[in-house]
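Scrolling down, you'll hit the structures one after another.
The following pair of complexes shares a single chain, chain A, combined with chain B in the former and chain C in the latter.
And then the complex of A and B:
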């Protein structure tokens, strides 16, 4: 397992609002013997997938990224592209699937982008959670935990992009366990709650902020009622939206890699705000 | 079999809306139904009935394509995709749900939300 090198696609959020997510993802992966190599070149994946059958143009950004992965993958002799942001995962995975399943669409896109090499459809898009579960294994993760975590009651929040539609789901779309198992491997208490697969309202934060504030408050309240003191997510938009809830003293939402970094004793990779969240939890109990 | 709206939805998505038997699980599963003016199952019914008013509903813009209904639909007709198709019909007429130039505190909003909104809520 040591010395595994995997290419990864960061996307816009990890370079702006979710810098802590990228920093902790790279650090915890390294601790587990996985070197995450950023694609040498990349562009925005498009964030959302266009469902219209004739919307070929909307898939081009994602296909360009898959070509970048194809180029770099040749050098590494590996076809796996790791995503960290849920929305990048979903968009790249769905576009990849659609061009693999529809050779005519792929041919049209390749012909349109005649300045690029053709995309051959051989890249496999995976999520970092899958790397930790399937390539590293939870036993190895357990070995790296250096902190007592039992006071942390973490509610995994999956949101939509990792689980739906089911063709691209990383787990059972109705009853996912992948984050719960990870949280338990870290020695914290996993709080499975009924809203774990709910949508955070996504880009409604632009359309009508009230919808997002209400949705976020509902999710927070449910997690609290089931006994959580923290919500753990994989998605920078869920992270923003859930922390946008107007409730006073609502429980905070952090990235799963931040929980891992804390468990592994990698405090130096955590922001002062996130460290404060953990310290507060430990003080309160 | 198809006419008007149901034809347009079919052309955009390949979905036959007449397979819907109005069980309502889409509306029961929708996390944003409270904010909608027309629940998802009724949107599908209005497409079946070729009622163009559905194109003026708030629902077609509020749906966040979370695909909860898609996963649960017993007829596999993908209500989220039907709603998205209605939105695309409006977008192609030049109707958008937000004016990106008028968004307040633009610099405080995350890029991920702005890009998603610009792709889903504008042409």
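And then the complex of A and C:
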């Protein structure tokens, strides 16, 4: 297990609005013996809504990233590409699926991108949660926990991109458990709640903030009613929507890697704001 | 045709659809002048640096649209070409002193950047062989140092901009990237700051006044006898 090196695709959000997510993801992976190697060259994945349409032009960005992974994977002798952001996961995984299932489409894209080598369709897109579950294992995660976590009652919030469409779901799309299991492995209490797979309102935030405020309130109230004092997410957009539209005194939302970093005693990787969230939870109880 | 070109091999080119025979080996610019065109705009340094003489062309039996600078690209037989002397684009006004050096700043002035689909048409069009799309993508993720590095050799010819399906105005955005990088991110040159300070303190005032009072001949003499830095 030690010395596992995996290619990873950060995506734009992790380099700008979600820097804390990337920092903690790299740190906790390292603690678990996984070195995440950023693709040497990459572009924006194209984002989920581009994949909704049957427009080859909008699949080019993702295929180009898969080619970058193919180039780097050859050197590493590994075809697994780790994603951290839910949106990037969904986009890359879906486009990968589309071109694998439709050789004609892949040929069109390869011919259009005549400046690149052909994509051969053999990259495997995975999410960091799957790395921790399947390649590291929860037993090893338990070993690394250095802090008492039982006062933290964390509601896993999956949103859409990790679970839908079901062809690319990382778990049972109606009843996912992967984050719950991780939270429990960290020694915190996992609070499963009915809105865990609800949409956060996504890009509606651009057009009408009210929609997002209402959705965020619904999600947060439900999590609170089920006894949570924190919401845990994998998605920078869910994180943004739930936190920027938070009710006064509503419970905060953090990335799952921040919860892990806290459990592992890697406080130095957490932002002062996130540390404050944890300290507040411990004070209140 | 004059006597002097009798033994030179001629090639056939098409300028805006009209056929001309021109000597091989000429640049597109010289060939057009040979054919009788006189450039008023769309011409500048003739050395491949100013970006004024953008040209697009196709070759016989080749589906690709090629790009180049007329002063740098030699004519080939069967070339269909036209000049793109200017790429229409509004130059946004901003005060670089009031901006923050972030990707968001650039996206707020050039929001089209968010529409990039990574098709790479810009990169294929660049006569400077820059990784144009990678530079746009670096802006998108807020890595201005990387973007500035990738677009450092941009000559603002506008060929990327005219090819972009997302209608991004690359060359104006790149200028802003380099300004923000130079002002806020790049390491400051210490010796420059010291020299500016010396100038402001009047260290060279006396010398300058002396020079201002000299005659042309004294100037020439001074120039000829100057110390040349080794």
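Rule of thumb we're sticking to: the second predicted complex is superposed on the first by the 278 of 285 C-alpha atoms of A that agree within 3 Å, B and C clash if a C-alpha of one lies under 4 Å from a C-alpha of the other, contacts with A are read in each partner's own complex, and residues count from 1 in each chain.
Heads up, the rule we're going with is that a contact is a pair of C-beta atoms (placed from the backbone, for glycine too) under 8 Å apart; a residue touches a chain by one contact, two chains touch by 3 or more.
Model, not experiment: these values are computed from the prediction.
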Clash or fit (per the criteria above) of chain B with chain C on chain A: fit
Greater residue coverage of chain A in the superposed arrangement, chain B or chain C: B
Superposition-derived angle with apex at the Cα centre of chain A and sides reaching chain B and chain C, degrees in steps of 10: 80
Which of chain B and chain C A:240 touches, first, second, both or neither: first
Touched partner set for A:164, first chain B, second chain C, both or neither: first
First, second, both or neither for A:16, with chain B first and chain C second: both
Contacts of A:41 with chain B and chain C, given as first, second, both or neither: second
Which superposed partner A:115 touches (first chain B, second chain C, both, neither): second
Touched partner set for A:64, first chain B, second chain C, both or neither: second
Partner chain in contact with A:146 - chain B first, chain C second, else both or neither: neither
Which superposed partner A:52 touches (first chain B, second chain C, both, neither): first
After superposition on chain A, the shortest CA separation from chain B to chain C (Å): 5
Chain A positions touched by chain B in one structure and by chain C in the second: 11-12, 16, 44, 46, 50, 58
In the complex with chain A, residue positions of chain B that touch it: 11-14, 31-32, 34-35, 61-62, 64-68, 70-71, 78, 80-81, 84-85, 88, 97-98, 103, 109-117, 119-121
Contact set on chain C toward chain A in their complex: 102-104, 116-120, 123-124, 133-134, 137, 140-143, 165
Chain A to chain B touching residues, read off their complex: 11-13, 16-17, 44, 46-55, 58, 85, 87, 159-160, 163-166, 173-174, 197-199, 201-208, 211, 214-215, 236-237, 240-241
Chain A residues within the chain C interface of the complex: 11-12, 15-16, 41-44, 46, 50, 57-58, 60-61, 64, 112-113, 115
